[in-house]
Amino acid sequence: MKAFAQRHRGLLILAACIALLPLGVQNDYHYDVLINAGLNAIVVVGLNLLIGYAGQISLGHAAFFGLGAYASAILTTTYGWHSLAAMGAGMAGVGVLAYVVARPILRLKGHYLAMATLGIGVIISIVLNTEAQVTGGPDGMSAEPFSVFGFAFQSEKSWYWLVGGCLLASVWLATNLINSPIGRALRALHGAEVGARVVGIDTTHYKVLIFVISAVFASFAGSLFAHHTPTVTPSILGFIKSVEFVVMAVFGGMASVLGSVVGAFIMTLLPNVLASIEDFEPIILGAIMMGTMIFMPKGLVPTIAKKLRRKEAP
Amino acid sequence: MFESTLQFILAGLTSGAIYALVGLGFTIIYNASHVINFAQGEFIVIGGMSTVALTAAGLPLPLAIVLATVVTMVVGMALARFAIQPAKDADVVALIIITIGASIFLRGIVQLVFGKDIHSLPPFSGETPLNLMGATLMPQSLWVMGISAGLILVMAWFFNATLAGKAMLATAYNSLAARLMGVDTKWVLLSAFALSAFLGAVGGIVVTPITFVSYESGIMLGLKGFSAAVLGGLGNGIGAVAGGLILGVVEAMSAGYISSAYKDAIAFVIILVVLVARPNGLFGKKGIDRV
Amino acid sequence: MLLEIQGLESHYGRVKALKGVDITVKSGELVALVGANGAGKTTLLRSLSGVQSISAGAIRFDGQDITKMPAFKRVSLGIAQVPEGRQVFAPMSVEDNLLMGTYRRRGAKPADDMERMYETFPILKAKRKQAAGLLSGGQQQMLAMARALMSNPRLLLLDEPSMGLAPLLVGEIFNAVERLKAQGMTILLVEQNAFQALGIADRGYVMETGLVTMSDDAQVLLGDDRVKAAYLGL
Amino acid sequence: MRGLKTIAGLAVAGCALALSWTAQAAEPVRIGAFLAVTGPASFLGEPEKKTLEMYVDRLNKQGGVQGRKIELTVYDDGGAPDKAATFAKRLIQSDNVDIIIGGTTTGTSMAAIKIVEPAGVPFISLAGGIDIIEPVKKWVFKTPHTDRMAAEKVFADLQKRGLTKVALISENAGFGKSGHDQSLKVAGNYGIEIVADEVYSPKDPDVTAQLTKIKNTPGVQAIFNFGFGQGPAIVTKNTKQLGITQPLYQSHGVASKDYIRLSGDAADGVRLPAAGLVIADQLAATDPQKPVVSAFKKEYEEAFKSEVSTFAGHAYDGLQMALAAIMRAGSSDKAKVRDEIEKTSGYVGTGGIVSMSPTDHMGLNLSAFHMVEIAKGDWKMVD
Amino acid sequence: MSLLKVTNLTKSFGGVSAIRDLSFSIEAGTIHSIIGPNGAGKTTLFNLITGVYTPSSGSVRFNDREIGGVEPHKLAALGMNRTFQNLQIFHNMSAVENVMVGAHLHLQKGLLSSLLRLPSLARSEDQTRDHCWELMDFVGLAQYRDAEASAMSYGALKRLEIARALAAKPKLLLLDEPAAGLNDTETREVDEVIKRIAAQGITVVLVEHDMKMVMGISDHILVLDYGAKLAEGTPAEIRSNPDVIAAYLGNVG
């Protein structure tokens, strides 16, 4: 138990936050913001495995999020599937798709990889926007309510606990993965790719693997999102949304699971806080993005953690 | 049949010349600093918008153009000085975030200063379409292509015939050796941003009569310009121009012969295919990307 | 005293590459700096040119403190370096490479100088339109030297000019260095090829792991058994 | 370890603070709006926002409604439906608004409906999509004409001119897509055959490829473009460039002077359906709309130094109907206000004369739409 | 049978031969050094043996298997491992994790067990960690057991790379300038480590400039000059070879 606590300090802190936050929540809108933050956090936890740990960028992850959402929406409404089955099918489908595209594009590096992932995102978004008979086109479509074992999640409060639980599970899984041989292989190929290869790590294999895993995380969050939001529209899988996910990951802290969560929460809350001065919103958002990367390129949580560690040290 | 093919090509070249200009801007900055400047599209907007605002304020067009270009170059240098230089050692992802942040920031400023209306400028030489073997072309398209070609030549001259231009290239090829030759590489970075802001501003001014300009125009143009630069091979000016023209023509041909709904998707599919076959773009050199 | 280095220290990341080096070079002198790989010779030259940060110590050039001066200003003062591994601008033509050497000489007419370089290194003239990257190693070395000379330097820093070259070419390079010395050029020569370097030098310094361990007239060093030992582990 | 605890504490406090920032306390009539102030539909959302702010401000200076100040809260959804849904929740839950005006686009309005219906808050949408009010939803109303009506108006005009083979070109985003679908649906009713069907992206710099295809389609007698923003202006210019002589029709999405300004001479001869507002001075003196639209146009243009658009008018109508309903209800009680909005009858607005009913939550008919032709850079009423 | 046999190996870059028609073999259980002046082609040879470069012609056989151009991660699985002159340390990880990466080949790597951290995986991880700590002790890094790699000195990192390579349980270990940048004391320590590795039956090949070290520990020395073999033999033979002296010190005058 002690070992668990030590290994999962971040998880325990997060659990405490999730448990305590409702004390400050006054109404459904607040829950709504927190739920969206939690869903974004699940995507970002997965994305950070790819960007922060394995060092590969993706500017197309919103597409996987969106595909998960559309899978749930289409399969539950048009085909009457159970919401869990639809979610599973979405994750499987996205996993296969990610696997197919990952092989060729992960040979690319840096900006070329950024371009390729961006392109894949744009293509998927155009398809979903255009195939209106299936997807509802620009106006989108809705999913049936999310239900597990006969319990339909309707109230915002129930959603809060659902998403909170899923976020904790995601963080737990991600932390486990990072501290496994697979996770070490990922970090190693980021740290020194040649060094990783000579000790026997098939780096291509692991790049593909983590790309698929992070896509599946996004799809999972997308499915939940589809059941929670009134309508799923192509705006949730555009280029901008992909950039938002990357910003959350980098802002909170690359290669930091807790950082992903903090990044997602702050960047989700921020537009809501700035809504009253909306004319200045882009200026402030842009300044924050630049400022963070210039002054703390490692992101919020790792930088603060380092400062605190230094203070604590005698 | 031939007429419509020609028409598609002309349409593609019009859009393509615009993409090429933006792509060239990406290339210059990439060459000098290995930074992909996602705020490149904003240079176009600032150039176009300032010209519109200055002419609206009563300035004659030529003066407005000069001033707008200067304003854009100042913005470009400020970006280099205050956002790129302090983060010189940041990795690719951080730099991508910085320049995307810069583009959002500049978009916000433009929106605040110039408002949200869509604006146009009068075409430089009338609106009578030119007839070319049955296909038509607006004179302004010729301006765009001509000025793009002119700028490309000017760039070629700058990089091949001036010491300053050669110093910029030398910095890109071997920054250590350039410093040993006495090149102030910090200044090279500022100049590169100024230069590509100049390209952006001029581009913005010539394309505004065709595509109009609003505070949001930069997103799409930035994306297309980036695609053009990557398609051609980062760091290669000819590649960026070719990439832009190919992109424009592919879009127009797809819209004409396959499906207008999927024309953008087809363009991206082609980029992906090219990248898979040639991981450094059409004209890119192997290993030039130090990432 | 043209160049004075006092207590110079420098780090490569966390590795201390220079641990307090003192070296002087008089005007018109050819000074050889020899030592095994990793002794810190290249780091020293890089700190002289200003492309390597200095953590302690001072550098004076012609009486002026240049310790904190940016690299490009040092070139203007007349310090030129021929870096290790040549570092030519590979895609640029031979001519353009030479032209880059004049970057800090405002108002200079490069044509005459270029002719002079072509006289010294005739092979460069024959290849002047070719991309520098396509030249052989020896030709690149000559180009790098000519490029540095184009800046009309008062102090030439040569880093391992013989590295990786065939014996015949090594001889040619050393001949060129001797000619430059004869013309009055002040040269600080870093070499692994100790005997050959000391053979043409006035004075020499032996470096080991970031420190100068011996310094004397070149001829004296040539006869010293400890120099041999430093190389062959005898 | 202590450090991490501090972070955790700060995080909880920070979140609570951020969320409670929005909590306020006051007693006025609260009107909420979520509009596409930025994003692709910003030139619809922007005048809507300006109009709401101007009139609320003016009313407050005159003492408000029944002695109560009006408090207006506007959020920018950027045209994104998921954001609109969140803001709708915020308006209802945090800002406790009595009524919501807004939803610049059909997408955002449809998303918000899912929130306002169960919450029971009257909602007046400013978007065109017919789905918003068909089928009728208890709490949902809208002020603009529907895209279907626009299509019908255009097809009726074509029918009158004896043109039956039409090429459709539309923007592949929300407004154009919905208009495109409605056009296909009603074309048959007017004996119109759609012989070509092309789309473009909202930011395309050139659409001559699509128009060339249309030009090469045999038998095209007219072109109908459904879109807003810069797209229609580019379509217009490209049509002229290609020497296409068939008449070009636009939708009500371009009923602002910006369109004419951007298109230049190429706009001459283009026809579109528009509300009375854009041709205020050309309306017959007997037209009941004339004084209303003339006054609004004057006030708007004096305040903002820019040409009034019908989108501003949609917001004006929404606000007027909401306030009238509140007055009639004598309170801001949501249910009563809803009932009163539904009873709106003979309200003369910028979009037409509105008479709602339990089965019609828009209350406009085709008569309020005028067919307008552009001539010499200005609107000219042709029916 | 030789553990490694190089026959007529040539590698050229754009027409220039970096390695020319080189043949030699390495016997199992020996310490073998490759020396030569700067630019003689030592690093190129290393890269050819370890799969970083593909030979232009000729063959490299390891354990009687052709390995020219075989990818590095497959070579590792065959029992070949190496360290680097320019360190390839995973600075984003702790010291012991660096070594644990070395053990990657021999670990349980199931995705599900990793995600869920199943008890069997947790146990295997604990054992690996203990084993890697022992390896760190073996190379003299006992005091760095809990250190972050980014906080270690250069000399320690060099040994960390050796520990990492050992974790892969190699038959052949190639060390690229293990003493470069180290002071005398550190060099002697590395010296000791190499001898202990060889004593365990692992064949060691090193490229090194420090002649004191090379002469002290090698069973066999190969001297390269201009990409070709200049001399080969025991330390005593090499020391007295006039060609070698000339190549190293240059011709006087």
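In this document, chain identifiers A, B, C, D and E correspond to the written order of the chains, with residue numbering beginning at 1 in each.
Basically, contacts are C-beta pairs under 8 Å (C-beta built on N, C-alpha and C of every residue); 3 or more make two chains touch, one makes a residue touch a chain.
Predicted model only: the values in this text are computed from it and were never measured.
**Student:** If you apply the touch rule, which chains end up adjacent to both chain A and chain D?
**Tutor:** Common neighbours, chain A/chain D: B.
**Student:** Which chains make contact with chain A and with chain E at once?
**Tutor:** Joint contacts: the list comes back empty.
**Student:** How many hops, at fewest, get you from chain C to chain D via touching chains?
**Tutor:** When the steps are counted carefully, the minimum from chain C to chain D is 2.
**Student:** When contacts are scored as defined above, which chain pair ends up with more C-beta pairs, B-D or A-B?
**Tutor:** So, comparing the two chain pairs, more contacts are at A-B.
**Student:** Could you give the separation in Å between the centres of chain C and chain E, each centre being the mean of its C-alpha atoms?
**Tutor:** Computed from C-alpha means, the inter-chain centre distance equals 32 Å.
**Student:** In whole angstrom, how far does the Cα centroid of chain B sit from the Cα centroid of chain E?
**Tutor:** Their C-alpha centroids are separated by 48 Å.
**Student:** Measure off the straight-line distance from the CA centroid of chain B to the CA centroid of chain C, and report it in whole Å.
**Tutor:** So the centre of chain B lies 42 Å away from the centre of chain C.
**Student:** Residues touching two or more other chains, restricted to chain C: which are they?
**Tutor:** Chain C, residues with two or more chain partners: not present.
**Student:** Touching at least two other chains at once: which residues of chain E meet that condition?
**Tutor:** none
**Student:** Do you know which chain A residues sit against two or more other chains?
**Tutor:** Within chain A, residues 130, 281-282 contact more than one other chain.
**Student:** Go ahead and list every pair of chains that touch.
**Tutor:** Between chains, contact exists in these pairs: A-B, A-D, A-E, B-C, B-D, C-E.
**Student:** Applying the document's contact rule, which stretches of chain E touch chain C when the two form their complex?
**Tutor:** Result: residues 14, 16, 37-40, 153-154, 177, 180-181, 183-184, 209-216, 226, 239, 245, 248-253 of chain E touch chain C.
**Student:** So in the complex, which bits of chain A are touching chain D?
**Tutor:** Checking each residue of chain A against chain D gives 9-10, 13, 16-17, 20-21, 23-30, 32-34, 36, 129-130, 132, 137-140, 142, 229-231, 233, 235-236, 262, 265, 269, 271-273, 275, 278, 281-282, 301, 304-305, 308-309, 311-312.
**Student:** Could you pull out which chain E residues touch chain A in their complex?
**Tutor:** Touch list, chain E to chain A: 50, 52, 71-73, 75-77, 81-82, 84, 88-93, 97-98, 100-102, 104-105, 107-109, 111, 113-117, 121, 125, 161, 164-165, 167-168.
**Student:** Which of the residues in chain C end up touching chain E in this complex?
**Tutor:** Those in contact with chain E are residues 13-15, 36-38, 134, 136-137, 160, 162-166, 170, 192-197, 199, 209, 222, 228, 231-234.
**Student:** Considering only the defined contacts, which chain B positions touch chain A in the complex?
**Tutor:** Residues 36, 83, 86-87, 89-98, 100-109, 111-112, 219, 223, 226-227, 230, 234, 261-262, 264-265, 268-269, 271-272, 275-276, 279-281, 289, 291 of chain B touch chain A in their complex.
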